[in-house]
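The same chain A turns up in both complexes below, where it pairs with chain B and then with chain C.
This part shows the complex of A and B:
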């Protein structure tokens, strides 16, 4: 598309991620990012009015080759330790169930998400049992259907599990499982395009903003910034396109930190609001696919060992995908997406084999790596506006559970932009200001 | 008349030769002075016209419109200061020159005595407006908008040229003073039907009539603020003024030729009001509201009763001021948020309370609150259409309700509610903006006290 100087009425731009803005009465904004989102898509659902807000989605990589969304394992669960997370994924589960109503496009075939509602099975050792019980109680209060199982029940239900060291297990009965993230991504893109959202391939290189000095109620001097223009650099060229915008949504996933720095977030003396950076950085995670002829059958949920290893069934031919989150010392270098098979041999396989004896005879077929948009502060998402750069909204930092919360987060950002506050799910623990105030919204069940 | 035309022409060298930091001050101050002199026109006889020469005259129909036109130039200049601040000097001066030349053509159009002179100037106003829209508009759609605007109006008015020349040849003169006495009844024949259509279509497109209104939302939305102001306030009234003048020579054909247009206007009035309820773009809402109000004027002019003529002229002046003010308010929003979407800028009352007062007043006059002249215009039109045909009261009543609905909808969406985060640091209202709004609303409120000066020649 050739535009010399494109003044968007309103453009929301996001670096590799796009966010779309809804226009109209009820437009949820959806953000998909699971494994590190290299790009997340946002969907808009225009209930009534089309073309009200002009949205521009800026993607660095149109092929989504290194996007966290498509490289993710694609699971969705409600078994979190924060009520907000549970609510987010409950809505997303409902969204995914009814995806063909939400994302219907005229004359296009319906989406087949391949949602396997097999549930998650989180295992807890003695130390973690009390926490797990508390979490399950909270999840049940929020409306998730989770059951607690003792080792005996576990053995009866899943005979292929070795229950040694397991004190308690929580099994999600409904709305949990895994699905095809590529399908969700394409469905969202398709719907967006049909609603008139503009997609652009480029990289955001600069924000032009203006500052104004304001005084808070307590007399403190603040500098509020407003982004007026975004410079989008075209691929393979030096040219850039300035885009005038009213609102920018940063959903750049693993690279949101860089985008935030471009916008001036964190430029200031440390310890002040100006100096608080967005603590999202890319972390590499591996996913391995193996074949095991005697492995668990069709009823196998996504099993998460207390040691950190997890696996799930993939397809119908005794293939499984799984991995393990490395500890802080073992963090791989996020410079590239090369897979380290030694990690599997040394760390993942022993743990898997200990939990599921059948996995002693597995054979790794392939593996890939993707990025987590890892929030180093508390491993939970950052949603909402920045207090000082007033027209930049965040929807990032989900540290591995972004994909499953994407629809709900999108809706939340939409509510924030249109109404000024969260309406359906109160995500105020996820606001940016918590980094300055030090209020952690820690998520304990991270896979 | 030269006492208005020469100063207006001389505003152009004033702009070009002023010092760099004085161009706005000079042009605004001097155009304000010229507008005050226009008030002298009011000193005329009630049922006759004030004839300046063989070319120019003004009667109680064109006087209010002329005063409105001349009042609007300083307002347009004040409103454009912000968005032109980043342009280079020549561009700024060029913009002001366009506005001044538009003003010049408009003054001459409203006072033209000869209908061919009127036609030439009617067409001439298109050129500066087109330049303003296409050069200084904000979005890429402005080119399309300019095209629509130009060609709709042109296509509508070329037949008018033919018809005027024909009338000149048959009647002998197109001079308005003489035409009144030499007019012959126009009998019903096919060629007269086409002549009637040819005469009226130009003004129907300009008003605009409901079926021919597509250029208006585009042009109004894509034009910069000065363009929107002059389009809404004055250029639409050119159509009304032209219709009021030309119906003089088209009797008695208008009695039955007008029916399709009355139908279209009555229906279109409700349609465009309803569209306003669904708009998300603020300027687009105001543009459609203009179409709706002008449809009332078309109905009033076509039924040709004394009260309807009075209502039409009152409504034209009232709508001119109100619409222009609404566009200025929408522009003040746009300059802060860079978006025309209503839902993105909400709860402004908490942040800018004085501007909220102007919004309230503008919305109230837009919905024809008594005792403003908007109400007087609408009421006269309603009463005369009721006596013309009883059923029209239903449509008019529905229209008044929907007008109130969308005016309040616009007010509530932009002013009330909780404000969104991204308007936290909008700059407070400038004195210039407050002055602009008060200069719009003050004439409107003052006219409430003495509406007879805008009620036209049939008062």
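This part shows the complex of A and C:
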């Protein structure tokens, strides 16, 4: 590429960032950090004189080819074991239901999320029945519309299920189902662009920060850091654009751990807060699409077997998507997004066919793989500021349920940034500091 | 919104507060997701018409399960926002005997959708797609066709009679163009499966 072209590009970006664009009304609900977990970092610059906040979203890949969002099966449920997760999902459902009010852009057509309100059906064995009952009680207390079903009721409602080994089932009656994640992503981008948020394709390669040494009341020495500048490397170039910033939101999905490391998170003696890394790493998950002419009909929810295998319908033509999460020993190499069809043959199909006998005859049509931003500590989101890198906020680690919580998480981060504390949903159990204190906010209902 | 009875004065209306509402005709009303609260509270509702309601969408249909015990008759004809995805929720309505899903512009494949809905609600009479849709009318049948009414009436005849139209002797087989699952699958090499 010509040197002159790149100089031009870089200075164009410089101009954009330095220019004063109409601040408009700052609406806390539309903070860019509620972009679904993907490879992106968000940098916010505070402009004191104007009262306006300028936002820059840095995407390494603006085609989102490997982003978890667009590779997701697109489900949303409230059937979780933690009340915070239920609340996050309930608000997000309301957001999706009213998406054309939240994300309306003048002269642009309304969004069609293609939402299927068919619900999730979780099956429990004898072993898991008591826990399921407890969870459902809590979910209903939080406002979720979930009901319990006995094996007999299950058989009557969904005759295509083999209820052998099923002691109890929980079924979401409202606000659960699946939708088109690409549509949500594009809707958010479009709205943000209309509000003056800048998008930049590039890779964050460095943080420049300053430190100050403090002493706590108990005499403990602390080093607090504040990020002042982010280096964004241009594509196909060694050039980087330094961006001054007041706040950084790490919403880099499966790669959040790397970004955190760049900011010095985890650089310290083990067993200290400084030495505590962000325990989020990419985990590869497969999704298979198959055709089954005699498969479950239009009424089929997203069914999750006690073994962890799950499926749902896709369209009107008796096609289905589904998969199963591997055990720790089976974890595939996350270095690439190649699909292992043997995994379907050996781990997914037998379990699905046992639960739905019609699936004994099927034909796989295609498959793909995507990443979970997997929190190895407790499989739950990390939200809010780092205790030492005081202006880095996290919105990551959702381990496969990030898409369905994204709108609510964005609101939570906005509340943190603007007010200094959570306002609507108390996500204190999701703060980074829990990794140091060993306080797990364990989510048990992971698919 | 009209109640069954007509011409009530406010005094008479108060006396009727104890009377359970059995039928509601909300055609053309601007009722929305929240507004449905009022209808879902009617635990003895047997017949509901939501014809041509501009704000009734798939999310709204997701709430109708609350009327499963009593609802026998439902019309969603002409609602611009309802798609086949919302219709999937209707399987909760096991007491439904008459369902009108005709003229739903957001349904991607009306013929196939009707079949799937009928399979889902085997005890229910489903009025839906115009069966002549997508079929070419032969020259000798065109004059007869002009006499047929495009607006499906609420059926009083048995289902197979209500659906037949001039020029269309038999129910067409389910083979709409573009339907992925029903056309012959090209060999993609991975292997047609029959579990051993």
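The rule is simple: the second predicted complex is superposed on the first by the 397 of 447 C-alpha atoms of A that agree within 3 Å, B and C clash if a C-alpha of one lies under 4 Å from a C-alpha of the other, contacts with A are read in each partner's own complex, and residues count from 1 in each chain.
By our rule, a contact is a pair of C-beta atoms (placed from the backbone, for glycine too) under 8 Å apart; a residue touches a chain by one contact, two chains touch by 3 or more.
Computed from a prediction, not measured in an experiment: that's the story for all the values here.
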{"item": "First, second, both or neither for A:319, with chain B first and chain C second", "value": "second"}
{"item": "Touched partner set for A:390, first chain B, second chain C, both or neither", "value": "first"}
{"item": "Partner chain(s) touched by A:212 [first = chain B, second = chain C, both, neither]", "value": "first"}
{"item": "Touched partner set for A:117, first chain B, second chain C, both or neither", "value": "second"}
{"item": "Contacts of A:269 with chain B and chain C, given as first, second, both or neither", "value": "neither"}
{"item": "Touching partner for A:159 - first (chain B), second (chain C), both, neither", "value": "neither"}
{"item": "Which superposed partner A:247 touches (first chain B, second chain C, both, neither)", "value": "first"}
{"item": "Contacts of A:416 with chain B and chain C, given as first, second, both or neither", "value": "first"}
{"item": "Doubly contacted residues of chain A, that is, touched by chain B and again by chain C", "value": "none"}
{"item": "In the complex, chain B residues that touch chain A", "value": "138-140, 278, 280-281, 337-341, 343-344, 346-347, 417-425, 427"}
{"item": "Touching residues on chain A, where the partner in the complex is chain B", "value": "3, 6-7, 9-10, 23-24, 48-49, 51-53, 212, 214, 224-226, 228, 244-247, 384-385, 390-391, 393, 416-421"}
{"item": "Residues of chain C touching chain A in the complex", "value": "33, 58-59, 61-63, 65, 83-89, 91-92, 108-109, 112-113, 116-117, 119-120, 179-182, 185, 188, 190-195"}
{"item": "List of chain A residues in touch with chain C within their complex", "value": "97, 114-118, 173-175, 177, 291, 293, 297-299, 315-319, 341, 349-350, 353, 360-366"}
